[in-house]
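See below for the structure under consideration.
Chain IDs A, B, C and D follow the sequence of writing; residue 1 opens each chain.
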Amino acid sequence: MLKGFTVPRSPLGTAALTPPPPWHYAGNVLAVEFWNDPDLSADILPRGVKLDSRCRGRSVALFADCQFTANSDEHLDPARYQCREFFVFLDATWQGSRIAWCPYAYADNDAAIMRGWVEGYPKKLGAVHQTRTFAATSAASAPLANKSRFAGCVSAHGQLLAEARVILRERADHLVGLLDRPVVARRYFPQLCAGVHHKAVVDELVRCTMNNLLIANLWVGEGELIFPETHGEELDMLGPIKVGRGFRFSFSCSISDCTILADLTV
Amino acid sequence: MLKGFTVPRSPLGTAALTPPPPWHYAGNVLAVEFWNDPDLSADILPRGVKLDSRCRGRSVALFADCQFTANSDEHLDPARYQCREFFVFLDATWQGSRIAWCPYAYADNDAAIMRGWVEGYPKKLGAVHQTRTFAATSAASAPLANKSRFAGCVSAHGQLLAEARVILRERADHLVGLLDRPVVARRYFPQLCAGVHHKAVVDELVRCTMNNLLIANLWVGEGELIFPETHGEELDMLGPIKVGRGFRFSFSCSISDCTILADLTV
Amino acid sequence: MLKGFTVPRSPLGTAALTPPPPWHYAGNVLAVEFWNDPDLSADILPRGVKLDSRCRGRSVALFADCQFTANSDEHLDPARYQCREFFVFLDATWQGSRIAWCPYAYADNDAAIMRGWVEGYPKKLGAVHQTRTFAATSAASAPLANKSRFAGCVSAHGQLLAEARVILRERADHLVGLLDRPVVARRYFPQLCAGVHHKAVVDELVRCTMNNLLIANLWVGEGELIFPETHGEELDMLGPIKVGRGFRFSFSCSISDCTILADLTV
Amino acid sequence: MLKGFTVPRSPLGTAALTPPPPWHYAGNVLAVEFWNDPDLSADILPRGVKLDSRCRGRSVALFADCQFTANSDEHLDPARYQCREFFVFLDATWQGSRIAWCPYAYADNDAAIMRGWVEGYPKKLGAVHQTRTFAATSAASAPLANKSRFAGCVSAHGQLLAEARVILRERADHLVGLLDRPVVARRYFPQLCAGVHHKAVVDELVRCTMNNLLIANLWVGEGELIFPETHGEELDMLGPIKVGRGFRFSFSCSISDCTILADLTV
């Protein structure tokens, strides 16, 4: 009789960390493509996932400033259902198909972290910020225009993990090299019983299904990106040896499904 | 040789809580007009300020989601120079002139709090959120359209202080009843020497000078507003006995001056 | 080759949200026993768990101010491994044995939330505070003495969820009515594949194993407790109809095991 | 008729950021003495303050984990009146007398920041943490004993500003080289009127009066300390060229007065 898509399960089902799918997102994204050392980034892949041999080490760092809703006007509870997130995606392959692999992700909100784990994103708590644009022009508002600059940053537990800059150059119609391959992630839930701490009870490689992806106001330009050295994190091992284009756009999408590619517990 | 507009004064002047004016802001605003009990709200006014007899008790609750810059591209440091703020303004008069008086204000950022005190806004630390709109349409993005709903909230130290809802009805060209009277505030800095704790060293009534105010994408509709009862705050004493219109717009402005109306230390 | 007890799995295993067990905790606890309406609290129990018929509706609200370590001196990373938590425990039975059931829990730290989920505690992000005592006497330090008062509170997303007060009366040697029954919790991990959102992939009723429990400086007195009405939470439905004793003590314990009592997926 | 020691001034005086003095503090301190480059640290001093020629560049970095009360049991509002703070003190002289000069300070609470400004401490918002000791022994609790290790850290806006480690060696009866000279600080409040942004309206050099200082459980040992490079801060310019002893103790004190040494506006 208890209800809720996640814990805590409760009589009405409204206490759960997140309502059930479909999950709808709208937001702004700042992203930078970069190349890490493939000798290091190959080590971050699970069994069966390989670096994409056509672009070994190519990756994307993505800052998202999001609003969420499910079926109950959750966007009218902005303290709970807005989130700012950071993702790294590696160009990879699964059984010969091009995919994007997500080794690290951070979000500033518990509901977003929970949804991440259910989708396979390994989210931790982080503070994520990005420069914004506003409808009223001002020195304080970065315009969507040639030479306009945007910055993004993420920190966790008081340490700066990544910092990005993008200079816009031109408007574009299509995202190329970003969000154009399916994301593969890993749903993972450990055991606590003595003797089996090393074996997860859930360890699934999944392909995320993103529906109704809309991109608006896409601008492409030059990127800058650093991953400072930190302790208690390993993001810096994926640090850029070369940085490429920068991107800034608005997006929306919906999520309510995934495909299980492999059961890694066996 | 020490530099800096505020503490901490330092060799380079970059450690100061806020750079010197001019201060440029861009942001989004959600606002609700309301009427409080004039028998109570008259008690929140300093010497010389009176409730506006033409609209006794009329007030505005305003949530602002802002980006700041001064002269050094501060908007490219989004972790430090974005801020979300909440203000209450009372329709009042000073020497017969219509003004807006600000009895309470909250912001989520130390630089914004410091600028507030320098301007005369009595800012405290609070968590402020409001529903957002994005360029990519989605159930998760509140559109700027008839019937679209937005929510705002502010809390401090884990207590909810105010909650607002606005239903948009129609686009408007001009703000009427909001930001159309000069704000009067109180610059106040106490003494700590024994025996004079009751006498401030700075106690100035000032008229804030807001330059280059731009309003964009203004929508007007119906508002809802509550100020829940709390401890350690007195905002709830100004709670609505009637609620009027709601507003949602983008804005920008600059601040670098104020006019001292009265020295209240004498 | 990837290492880590939880996500994110990484080459060195230091990026994981929490190191593997054994998990060691030390902290201070403020707790209040109370009775909720058994007609309501019976609805918060999963299949097979019943309210304890000898004390229907008896519950405990517990605020813990903790430091954590595993095997790598994690307590020397205080920004990451201190946590403040809030729990509710209901007196219940499982197959006739007395247990404590945890329907709701909050913590201020992502590592603590993750460990909670692995143990079966349905933790959400919350801000938790309690009055402290210090070795140097002061009006600012609550002493461990008759008539001394302590307060605790928890909020989430800007809403106050619970507030407690305890007046100490006398020192005690043994905890009676608190932490004297095994905790039963629910390990739960949902599916995201379309069509099976209502069926969890992990849904285990587990008995938590707490080793080496030490209690120090135990004081017992009178408690006060309220659960204010909130939205997006259901804690207030378990609100006190009667409040009993209050407790304040220091504790330590270790956790590295649990016993699976039932698989609720079948 | 408006009441309150600070803004916001209000009918009851309970909305003010901080109640009036006397202010009582109790807390735990972790501190490390260090030497910075006197050619650099001499530049952080205001007119009339000089580096102490007997110990040029000697300084202390101090992390305090505090509870506050005034006259209304503020310690029973732990969400509002606990604070964690970080200070740097330089050994200096004023008119030949030994003093400690505070160039930088951080606190995690708006009331603490406000009290700091009133006292002359140039506090900014920061997240401050230190390892704790608890009455129940555990691997998770650092004991007060030879070889026990404690860590402290402070970050602001997602950047790590300072990190300290202390290894305890022996219990001591008296603090020597720490809190044994009066603190001199600078009360400073800028003007906003156009044309006078460079001239503060309040700029006082003050000697802080600390009453009833109690030290308990004092341990002395070896310290480690780093100030990582950051942007938007200048603390790193005071970084250690040599590190000395470490300290860990509990303390309490009261503050209700200061002495104005000089008016720097003239």
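The rule we apply is simple: a residue touches a chain if its C-beta (ideal position, glycine included) is under 8 Å from a C-beta of that chain, and two chains touch if they have at least 3 such contacts.
Just so it is clear, the model here is predicted, and its values are computed rather than measured.
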Self-contact between copies chain A and chain B, residue sets same or different by half: same
Cα-centroid distance, chain A relative to chain D, in whole angstrom: 39
Cα-centroid distance, chain A relative to chain C, in whole angstrom: 30
Set of chain D residues in contact with two or more other chains: 77, 79, 127, 129, 153, 155, 158
Touch-based graph of the chains, sorted into line, ring, star, complete or other: complete
Of chain C, residues touching chain D in the complex: 24-28, 66-69, 73, 75-79, 82, 127, 129-132, 134-142, 149-153, 155, 165, 212, 214-217, 250-254
Complex interface listing, chain C residues touching chain B: 127, 129, 153-155, 158-160
Chain C-touching residues of chain A, taken from the complex the two chains share: 1-2, 5-12, 14-15, 17, 20-21, 40, 43-44, 46, 77, 79-80, 103-105, 109-110, 113, 117-119, 122-125, 157-158, 186-190, 192-194, 197-198, 201-202, 206, 231-235, 237, 256-260
